[in-house]
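Below you'll find the structure, written out as structure tokens, and then a few comments.
The first chain written gets the first letter, and so on, giving A, B, C and D; residue counts start at 1 in each chain.
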């Protein structure tokens, strides 16, 4: 059963994962309205191909965050990947390493930072804002020492979104899996869920600091020299402010539809942020990328690259590092087709493509 | 069977109420086209979240009509609540009281004004324009004496909408339930329905005055010192005129899709009315609110709060005061999530959010 | 089985008519795409109700073509009504007479002009442009003598639309029914259909003149003093030219979706025509009117009235004059509701309502 | 089983062709998203008919590429027509000849150029850019000698689109069929497909030159005096450049949705290209034309004619030359209806029609 598309991988993964884990992966906040809206909006972006562009060598090879990348994409940070596969984030990193793309490693990783960096992959450490400032500092230092190439601070999770699938399932991460990089008291492994919430949400509520503000970003900028990526920006003013605060990159994202129910599809937020930032920092995009054409859509609207979330988990679930590699391989092939067929020899050319919203 | 959303409550209520009562509650005018359009329009309003806004204490606490309210919402006035539960409006008021939000009490209440005010809730008395001017005055005086905090005059029911479900069911309110606050001759309890109409419509036609005009509003403004809320305004010119006539608040509403078939979804009327009024009075919104995100949508478009209709009846039907309280509790939780995730520490901040129509 | 809406009548008629006759009535050109588009466009027109407008006497009473009419509507001209009911156009006219509205009588009427005028109804004679100029003149003179109050010349049938249902059914009008008012050689009763066409289309092709031009309209204007209605205009320039040619009224219409496949929904053509004409003549609207709200939509967009087509046939099929009367009665009730609920005491007020397109 | 529409022909062909051949014909790139978008966009173009236009002789007769044509259409170039019918392109050309319209003959034709030209049809030779420049020159000279009237160079296939149906089917052209006009080593007949690709794509990849650029077009313009048609342009700048390079005609096309997944529907690209070119060369349109109304849509948006693709294959599959002729006959009849009903005596008039996008 060869997977030719990421959706093929989704079908395979759905057949393999426990139902509540599948729901945890797929679900969004509320009744998944924003997940669906993300997809509908991406489909509505129609590209105007160029021709006679000498695309024999069309390639996604590019620079991302001042480093070379085989593709304009990074693996999105995602918690608890051991739920997908026993080797979890390490296998995910192996796949990224093989494919030559960066991987963002979640604060809620179920494998140690060191093990993941040991794969040789370009690792960006994703930081959730913990109530305990020392714990944050500890993570940053550890990431620096382990060789992470950037800190990606996620700013759209003051609290975890209200995800009905998890609430209905009273979802809890299996006991043997936990946020291994956090100090033991904060790991929350095996927390049982109470009615009306999930254990994951309860854990998040206990350790994340909903009071995070712009001054915290200033503090973070001070304490580390690593490049700083701010993930979860949708508003041009916030983007502008993040740049002023020293961000090297911004991720335009609505967290894959998992946070604010009713949020604007993030692809519809991209162009305004690009305008506001006007090249002062890099702009990445995520939420709903499912094909090489989607990557091209984001590039055409001004992103320098994308993060890919759930599809990477599908691949990991299906076949560990090989499955995750398959996901990246599909995206590489599709992107090369899309670039060539749109008349773009490279990523730079793609950023000059014309994109039009054609409602559905 | 815990209800996690208002729609969960709807399902529970649907399983419990007689079919014709359910139809009376759910139905709109014609084939429910405006009910559906209200919902589609709300879903099309997409919000652009802000970040790093220090939302640890995100709260819906606010002022509504110059009084404190735990949430930017009031229970909408709805007739004959004893059809939902034997204790009817009294239980509804108890839930509102517990939750710290106002309740609007219908002219067609099936419990006495005094009993309802006795719960301690903040009660706004909703007035339908009766053919008998003395009866109106009597109701207003009685509301004043009972301690109601405002008069809410509903202006979008010169006649009752042509509700096909009720007509097809020849719907009549059960004999033992009636508009207890009206003079006995006007109560219309137990009226039987003739073909082509419902008993409810027949009763309304007999006692409501379709001739109501602006001068009647002036008269009402004269006869009472209570704050005046004008409910059912969709047009900016009418809004302007209502303000000039002394309205303290306006409710932008199409009566939950129950009056003019083919009416503009009321959420699409909100922004124009807000512009026309420009802070000269408060603006509430109703028709289709089903979640905390919907409340946030209305706030972002300039409302200072919303009325919630049918969902409160679902709660009441399911479990009396406790069920109604559950509805309010769900809304409180959802609104707090929505505020925090949109980067709004409070209701005021929410009114500066960016909202975009993304057709669906 | 009481019909509460025109769609109820449709269901009843569908159960009664032979399938091919039903198809002839319901069908449009091609695969009915324009029929559906007409309906979708009407549904997308959302009205903004006004309030406190003293609507106790809200009424559709108005002037149409310089005569009084109980409602801002006329029965559309429709061919061969004996297929619906043995008494055909005479019963239709009786219903119109009772309801106090005009009826347009088709060139292809299956009852004589004289019989129809004998009902006392206000009759407008609908003229198709025949290849034989003398035959046209003969019809006009006969209409004048019989007391018709206007000539309505239909300009959107140079050829009959390509109606696939009829073609697939090889539809032919039953032998005993024919265009009784035409000279015998032109009646075409009982013509059999050849593959790839219908007998109705073949007949039309034989007797209608596709070469009709503006000079023919001038000629018609010369030969009769009756008010002239030009039916089937969609373009503002054509409207302007029709006014210059002496039209007293224009019908904005795409012939109920039966002529040009892919035509603009006629409701979306209305406003431009109204602008171009700016009160120089009356503007009627048809194609898809199915409720009082639809009439209000057309009025709000500037029409002075509408023609109602298929629903009148449904009524006639169900119960002759009484069924047709029922259709008109439903429309009267619905329109009065719509007027009152939109805050329009009369038709004139309706023409100042705000209407917005909200795509679906 | 008479076919009255092209879709009737599709149904007949689907019942006759092997499933994988059907998929090869129908499929687009990816999951056919662009195929569907092409159709939805065409349906959304609504035409405003004109009246009283003296359309007795309404005709599609026109000039295409400086020659007379019975209809404003040509048969699109399509590979390997022997898969449809043993006589393949020769029968297709016979049908075109009978109908008096040009046919474009694919580089991947399965019948010889000479045999096809022998039918007497007006043949345009479609050129794919081969890696071997001599082979190109050889084809052009052969086309000139055989009497082709134009060279149509297809510029939107630097690589073949990623067509999932073919990939899933591991589609290969049957062994006995090949690109007979290519030098034997390039014919690729009977190539077997490897996983993840189709044999057709593999063959294309081997012989087509993805490096084609604007200078190659200059070279082509130099080496032949035949009129030059550039097929597959979607961008106004590219159109402008093609005109400057000496193109006599441009085909606005997204290759029937078979190339860039996510491409703009080509009908939505047409108007901009027409503007950019402003009569400096002819503009043809393709991708999704399925009826006479679709042709009228393209004309109204400024095209001078269309190419028709898949429907011609359906006809050929159903009944060889007769089936293909039936497809053209249906289009002729439909176009004449459309012209007459839109008030256009001829193709020129059609180009002045008003066309509006009505989503939905």
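The criterion applied here is as follows: a residue touches a chain if its C-beta (ideal position, glycine included) is under 8 Å from a C-beta of that chain, and two chains touch if they have at least 3 such contacts.
Everything numeric in this text was worked out from a predicted model, so none of it was measured.
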## Note on the structure
Via touching chains, subunit B connects to subunit D in a minimum step count of 2
### Task
List the interface residue numbers of subunit B and of subunit C, divide the shared ones by all numbers used, and answer same when the ratio is over half, different when under half.
different
### Summary
Per mean C-alpha coordinates, the chain lying farthest from subunit D is B
### Task
Using mean C-alpha positions as chain centres, tell me how far subunit A is from subunit B in Å, no decimals.
42
### Message
Can you work out the whole-Å distance between the CA centroids of subunit A and subunit C?
### Response
59
### Query
Touching two or more other chains, which residues of subunit B qualify?
359
### Message
Quick check of your reading of the touch definition: is the inter-chain graph here a line, ring, star, complete or other?
### Response
ring
### Query
Which of the chains are touching one another, listed as pairs?
A-B, A-D, B-C, C-D
### Summary
Residue set of subunit D touching subunit A in the complex reads 29-31, 33, 37, 40-41, 155-156, 158-159, 161-162, 164, 167-168, 195-196, 209-214, 216-217, 232-235, 237-238, 241, 254, 259-265, 268-269, 359
### Touch list for subunit D against partner subunit C, complex
2, 4-5, 7, 43, 45-56, 58, 291, 293-294, 296-297, 333-334, 337-338, 340-343, 354, 356, 358-360
